[in-house]
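Chain naming follows the written order as A, B, C and D, and within any one chain the residues start at number 1.
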Amino acid sequence: MTRHTILLTGFEPFEQEPLNPSWEAVRALDGWPCAGAHVAARQLPCVFGQALQVLEQLMEELKPALVICVGQAGGRSQMSLERVAINVDDARIADNAGRQPIDQPIRSGGPAAYFSTLPIKGMAKAMRAAGIPAEVSQTAGTFVCNHVFYGLMDRLAAHAPAVRGGFIHIPYIPSQAARHPGQPSLALETLVEGLRIALQSAMTLQQDVEEGGGQLH
Amino acid sequence: MTRHTILLTGFEPFEQEPLNPSWEAVRALDGWPCAGAHVAARQLPCVFGQALQVLEQLMEELKPALVICVGQAGGRSQMSLERVAINVDDARIADNAGRQPIDQPIRSGGPAAYFSTLPIKGMAKAMRAAGIPAEVSQTAGTFVCNHVFYGLMDRLAAHAPAVRGGFIHIPYIPSQAARHPGQPSLALETLVEGLRIALQSAMTLQQDVEEGGGQLH
Amino acid sequence: MTRHTILLTGFEPFEQEPLNPSWEAVRALDGWPCAGAHVAARQLPCVFGQALQVLEQLMEELKPALVICVGQAGGRSQMSLERVAINVDDARIADNAGRQPIDQPIRSGGPAAYFSTLPIKGMAKAMRAAGIPAEVSQTAGTFVCNHVFYGLMDRLAAHAPAVRGGFIHIPYIPSQAARHPGQPSLALETLVEGLRIALQSAMTLQQDVEEGGGQLH
Amino acid sequence: MTRHTILLTGFEPFEQEPLNPSWEAVRALDGWPCAGAHVAARQLPCVFGQALQVLEQLMEELKPALVICVGQAGGRSQMSLERVAINVDDARIADNAGRQPIDQPIRSGGPAAYFSTLPIKGMAKAMRAAGIPAEVSQTAGTFVCNHVFYGLMDRLAAHAPAVRGGFIHIPYIPSQAARHPGQPSLALETLVEGLRIALQSAMTLQQDVEEGGGQLH
């Protein structure tokens, strides 16, 4: 089977925000042709469990060649290529359905973690070369973003191990930072351009670049 | 005499940067008509003393109705409306001519400080209302930016007390942050739009808005 | 008249804190003999106006050889030797009497600012040499700390220009940081030791050290 | 077999530091009796591979009832109870033997991650209740600390699954922060007291406390 769709997801707004930059950025790329495939941009609910059900249905339906989920990381300065998803939900705030799990496994008996199968070093390098602030991140947190990232990798491992998948966290956009004094942000145009380069790298890099991207702690 | 020029200055690059976002943003507004005046965008050298000589010459020549100097504040997340300029040069790095003064007064015998005469609270409020991250800042540092800000206010106090003047610090643009891991940035378009609103507010607000903009420490 | 008292003030708690580390640190030094003088530790109310009245009364009564006021700077990592006090009250929160002035001068017609007359570079250097995190700070904020600092310098300028005065901001202590996730702190013992060195340097250094301590912005 | 030893390790200095606070804090507890056991404090080299060999030898020799490894996290404000160790070495700087692996697995074919088996929520809660700044952390980085943490959990999983193990990151001490302007620190006494409470909680809490300690991202 040849797969011709890139599934790119963003989230609905949460935590009283009027918008979610991940959805704004992602939907700007709906239909975009990239390396012989086309982007299908879809929105996920910011709800534990339900977000994964929607994602799995989309994967079933679209049979994507690549899956990248995108989420808001208010307070970060750069676009972050997440390295690892961990098997735990530990919510500081309630999700959009009012659920706030503490220290619950995402899949009981599942592995403790999955690494991204995206060429994250090469993606970050290409983004920076194009003037987009980007870094590899060692934690995707323990809220719905990590939940979706883990569920994605768990499903790919079971059903489509050759299909690359991963997660990108993005900062606020300026209109959000204008209401959160001191918080960094990036323009929507910068985010969309960054995602474009990320997708292209993820589709075309045969293997990842060997380049430092770790943290001392 | 009716004054029809808004003098808007940016700096040349310093500290090994290939560009200075203050100049990139400022020159995009050269000739822009604003509240019955026109913007004259000019570049200042990043050199103690010399920067002020150029500024004074420009003020002499252009007889501006408003003077706003803009400078790069690498590491800040927001556009900062500076509240106060202090009478001291204390340079952590050498300027572009290799000078690095420590604890030298900008003008011997001059007052310890000048407050901005811009309606900084109203400007920040208008910028935020338009979705631009903006704040009032209580320190412009002790490098060439503060030097120019102090010199500007000192000269206006002596020769043109009715003319408003002040200083705006701006973050890196994304291409700079891509080389400075973890640093925040704002797109050039965001900075230009922010300056446009700032200028308009500075030209049209009769008096400043009463709104908190201080810091506990 | 020979002056034999060092007036060292701390503040009462504010903003719902059970204690104020400035008062805890300061009172530990009450009676401490230093360079031929003795420390008189006194508490100031965290109230605009009233804090200055108490300070002035203490200065009248004690005729101090040196005055250092100390205040809490929750969120800072180091002990900060403040360089400059500015003539404005701009309160983000109400003081302990419920007052919240916005953009009010501390003394109408007073100078825009006063520089500390302490040898702040030499004090910071001595503190660091003893292993105490210390820096020169370019802003004391616009709340009651800056208010007291400005009022102190204003009074010294008028009545006792030969007497050195200034302000030191200190971080939370650990028990406070334990309730403010992510905030830095220093042990009370570290703060007391830092103040001891600061006082000694302020009493004995004939003139300040020439050493960089500025900020780019 | 009844196990009566708590193995508590710290690291030798690295990155040009004259000391490593993890070793200074740990060795202060050597011999300390805790919940029916005694602390054996040992130093690990800051070298990939070699650190794990030393650790395994110590575990073989001491048959500890509990193993907690401690490491320096310069830049953090609080004591961090690490939640998860990941199977990757990605070094931003060379270790003390000059090695700088990039994206190498710690154990080829090992699981992607291990969760700490310490009651980290309960430990953090007890520490905060005693006035010690403490938090749960979602990443131990990708340097020698994470390497040791992963190796420890890997070995415990294989050979002593009933023995609890985990990792605690600690901030600089003040004398280090005095040379790293702006960095937070905690006094050695605070760190030692924090470790004491951590050990006691790890030895006595039957199961972990249900309390939020996650991150949104």
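Remarks
Operating definition for what follows: contacts are C-beta pairs under 8 Å (C-beta built on N, C-alpha and C of every residue); 3 or more make two chains touch, one makes a residue touch a chain.
Being a predicted model, the structure only gives us computed values, none of them experimental.
Counting hops only between chains that touch, chain B reaches chain D in a minimum of 2. When the CA atoms of chain A are superposed on those of chain B, the rotation angle is 180 degrees to the nearest 5. Two copies of one sequence, chain C and chain D, touch each other mainly through matching residues, since over half of the numbers at the interface are common to both.
Computed centre separation for the pair chain C/chain D is 38 angstrom, with centres defined by C-alpha atoms.
Each chain gets one centre point, the mean of its Cα atoms, and the points for chain B and chain C are 30 Å apart.
Taken pairwise by the contact criterion, the protein chains form one closed cycle in which every chain touches exactly two others. Across the complex, chain B meets chain C through its residues 15, 71-76, 83-84, 86, 88-93, 100, 102-103, 111-115, 121, 138-143, 145, 169, 208, 210-217.
On the chain A side of its complex with chain B, the touching residues are 77-78, 127-135, 174-175, 177-179, 181-187, 189-190.
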